[in-house]
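As structure tokens, here come the structures.
Two complexes are shown next, each including chain A; its partner changes from chain B in the first to chain C in the second.
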Partner chain A sequence: MRNNLVALLIFAALAASPLVIGSYWTGQLTAYLVYGLLAISLSLVWGYGGILCFGQAMFFGIGGYIMAVLTKGMILPDLTSSYIGLLAAMAGAALFALALGYFLFAGRGISGAYLAIITLAITLVLERLMNNWYALGGYNGLLNVPPIKLTFFGASFELWDRLPTFYAVLGVVTVVYFGTSLLLKSAYGLKLTASRTHPDRLSSLGYSVLSIRLSVFALSAAIAGLAGAIFVTLDGFASPTLIGFTLSTEVLIWVAIGGKEMLLAAFLGAILTRTAESWLSEIFGNYWILILGLTFMVSVVLLPKGLLATPLEWLTKGKGKRSG
Partner chain B sequence: MNELFPIILDVSSYILILVLVALGLMIVFGMMGVINMAHGELFMIGAYVMVALQDVGLPFWAGILLAPVIVGFLGLLIEAALIRHIYLRPLDTILATWGLSIALKQLVVLTFGPESQSVTLPVDGSLEIGAFSYPLYRLILMASSVLLIGATFWLFTRTDFGLMARAVIARPATAATLGIDTRRMYRWSFVIGTALAGLAGALVAPIISVDPQMGLGYLVPGFLSILVGGAGPLAGVLVGGAVVGGVNNLLAVWISPVAAMITVYVIAILIIRLKPEGIMGGRRAK
Partner chain C sequence: MAFLELRSLVKNFDGLRATDNFTLDIAEGSLNALVGPNGCGKSTLFNLITGVLTPDSGEIRFKGQNITRWPPHKIARLGIGRKFQVPAIFEELTVRENLIVAAKNKSQQEIIAEILAQINLTKDPDMLAGELAHGQKQWLEIGMLLAQAPSLILLDEPTAGMTGAETRATADLITRINRERGMTVLVIEHDMGFIEHLACPLHVMSKGQILKSGNFTEIRNDDEVKALYFGQTEAMANA
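Up next is the complex of A and B:
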């Protein structure tokens, strides 16, 4: 209960923030929320599912490209609904994850360090592929992706201005966050933890470890795909950097610094790191990346649970109790 | 024949450099189960040692001697300050060394700038036999690589140090009971691995453009070589390096670098997935 209270307070503070931070930062924060969504997806698959994915941005990028291609009407000129675009982005990313996950986890399967190297290699392949796929814009990407158009009961509204866009994105993030939290508290969450810590025991109890891994991989990919789809409508373009190596490792850093085993910490890790980056990179210039790399290294060694998760856990659970 | 011969030599020199990089990675991975994501940056720093010495005006061959010493010393520091604390958390070593690689890369950007640098060839001539001619330095590079790879194999298969190292790899607890200081073995294996990376970077510096991002281009193929060949026996690296490096360079010449990179990665991923113990067999990683 206290856990939800802290989360509610944080989301309420986010909702109130445009009153304080002005129009420019509201726009920035909207993008950070989308990164936060990506961080939630990685926390789900890595922290809870135990699958260290070095290429989480591939799902983000796939979602982004599907959204861009559909809403620009490149395939079906008459069907440019944002709703269909968002759904297709999530479904596309999830299907790709299912296929990839089946290839990686079925049978003897791959795990641990091998999985990290292979997902890293796949991301590099996809980035190179998108850079050279000229029908999808190649290196330059796809420009002029239309903003999300909300239609209900015949009325329609384009998410163009900063404030409505911010609240729409915040709404999506809130729903995803609390939905995922609920799911993790259910029996499914328990099975997920078991598939991470004691896969052999879980399978001897008659559960299929493979289907649990596949489902969490696909769910996480769908969330990442949703984030990517929203992201391309904010800036209006989709480029190979969305799918690539740099974003994949950045999200890994946010989640590791925040705390991978706690959705809220991972989410805040993304938002706070991005915020710190835009402030501190002005002050420190080129030294910022050096500081970020060293912070990441130190937090992995000294605080493997994450810089934010440790105080947050204290806030939400009270002293002496451990998270499950 | 005259067209094919330079291609074969180019491919072989790439494979040999790749094997040198992978060998350092493999020693660290096989011995300690540590995935060193900063290995590519140590390779890069080896090349930058050559750039720095060239700026100072020291001869090329001094750099070849200094690069492995400097990078090996850096390895010693990294082992003492970082790796030692996370031996027992193999997955965290990936992340921590990843942070280190970002920091090292940025440190080089701050010192030398982000643009690419070049190191002049120490020997300019080429070997000419009839109509066939090939740059002399590349031949020296290949010969040195072969010697180094041979020396590393000799160290790990024919010396007391190698015997102890292999004992630590196979049965760490038993080796420790028999009085082998495993921590010390870990430390010196790590230093040897990093020194090899530094030397490989120094050797290859004159024939490539040296820039802060160059590490990744060798790190990932290096890892793929290890996993394709098999993380058990040392010889796995030779096979893995030959498959990854050979296919990559041949396809780059025949089709295009992009198609080559994609094909090699896909082939490597398929081999690793279908035969996780690698082509050369050996034990499966934890």
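Up next is the complex of A and C:
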């Protein structure tokens, strides 16, 4: 209950922020919200599912490219619906995760550092593939991706302006956050925690650990795919960097700094780190990376639960209970 | 046809034979104990029955079905529950949540309240399981088995680390589970006082095979068992 109250207050503050931060920062914050969505997806699979995916950007990029290809009419000129694009982006990323997950988790399964290395390698392969796939723009990517077009009962509205786009994205992020939180508090959430902490025990109770891992991997990929799909409509541009190593590493740092075992902390970790990056890079130039690195080290060594998760847990957690 | 049939099970680990043509029948509703020195293959046997390991040869039949190479979750769904040697509970979940996960889709409220009473954990069911004392963790794991409600329970050293009073209470609980719930129980244990308290058929295992079977007195007085096993176990000698 206190979890939800704190989250509601934070989302309310985000909703009110355009009144204070002005148009430029509203645009920036919209992109950070999308990164926050990507961080939620990684927190779900890593913090709750115990699957360290070092290539979360691959699902982000897959979602982005599917959205771009569909809404640009590259598959069917008449099929450019944003809704279909968003759904296809989620489904495409989830299906890719299911296929990849089966390869990774079936049998004795791969976990820990090996899993991280393999997912990282797959990301690098996909980034290289997109750089050389000329039908999809190759190194230059796909330009002129149309903005999201919302259609309600025959009336349609394109998300060009910053403010409506911000609120539409915030709406999606809010629904995904509270939906995921609800799921984690259900019986599924218990099974997920159980599969992370003692898979052998869970298996001996009659649960298929493979199914649980596949389901969380696919769900997390769908959320990352959704984030990627929204992202390409903000700048109208899909490029191989969306799918690559850099973004995969960045999202890991955001989530680790925020706190991987708390959706809200991971989400805020992404927003605050990106905001800090904007400010600090103006002041320190490229040296801001050193500050980020130091913050990451402090977080891992002194506050392994995360810089934000620790105070948030203090605010939201009852004695002896895990917070969501 | 026995409830659980273990036929000529062989399992090797890098040249070491953990089970050597192991054969045993377990009748439905029975309570049996398996004893033997460390390394004689007892836990390997449980791993084979529950699908954690696959035998190099031999056959495992449960309720008439050949389950030899089934995955662990499928074997569990058929009705085999297991308590691990080291308490295997979900430490990040509360006591109640551990039981909810174990109870799966069953109507949970009443079952869980009843089990909490049976395992003496009614005081703080919303406590994190990781914060329990060792003996309580053992009891919680037994409680999870009760919630799972399998027809065959395999208990691997259920009283390890327990006090004398807890050990006696655990023996009473296991006997009750067997008699009142009709669950078939196979237990591995080193504590011979506990085994005597169970008052059940006893199988002595040595070098991956059954050396002798009988009741507690027969086993205690058997010269071959004394020579091969009891001589090494002070606890048995004092029992």
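By definition in this document, the second predicted complex is superposed on the first by the 317 of 324 C-alpha atoms of A that agree within 3 Å, B and C clash if a C-alpha of one lies under 4 Å from a C-alpha of the other, contacts with A are read in each partner's own complex, and residues count from 1 in each chain.
As a working rule, a residue touches a chain if its C-beta (ideal position, glycine included) is under 8 Å from a C-beta of that chain, and two chains touch if they have at least 3 such contacts.
Everything numeric here is computed off the predicted structure, so don't read it as measured data.
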| Clash-or-fit label for the pair chain B, chain C on chain A | fit
| message | With both complexes overlaid on chain A, does A:P304 touch chain B (first), chain C (second), both or neither? | response | first
| remark: Counting residues of chain A touched by each of chain B and chain C, the higher count belongs to B
| After superposition on the shared chain, which partner residues are touched by A:N132: those of chain B (first), chain C (second), both, or neither? | first
| request: Go through the superposed model and pick first if A:A12 touches only chain B, second if only chain C, both, or neither. | output: neither
| said: Which partner chains sit in contact with A:S203 here, chain B, chain C, both or neither? Use first/second/both/neither. | reply: second
| Just chain B (first), just chain C (second), both, or neither: which does A:G112 touch? | first
| query | Between the C-alpha centres of chain B and chain C, what angle is subtended at chain A's, in steps of 10°? | reply | 80
| Which of chain B and chain C A:L252 touches, first, second, both or neither | first
| task | Based on the superposed arrangement, let me know which partner A:F103 touches: chain B (first), chain C (second), both, or neither? | result | first
| On the overlay, how many Å separate the closest CA atoms of chain B and chain C? | 12
| task | Identify the overlap between the chain B-contacting and the chain C-contacting residues of chain A. | result | none
| query | So in the complex, which bits of chain B are touching chain A? | reply | 33, 35, 82, 85-86, 89-92, 94-107, 109-110, 216, 220, 223-224, 227, 258, 261-262, 265-266, 268-269, 272-273, 276, 285-286
| note | Within their complex, chain A touches chain B through residues 52, 103-104, 108, 110, 112-114, 116-118, 120-122, 124-125, 128-129, 131-132, 245, 249, 252-253, 256, 286-287, 289-290, 292-298, 300-301, 304
| remark: As the complex stands, chain C meets chain A at residues 50, 52, 71-73, 76-77, 81-82, 84, 88-94, 97, 100-102, 104, 126-128, 131, 144, 148
| field | Residue ranges of chain A in contact with chain C within the complex | value | 187, 190-191, 193-194, 196-198, 200-209, 320-322
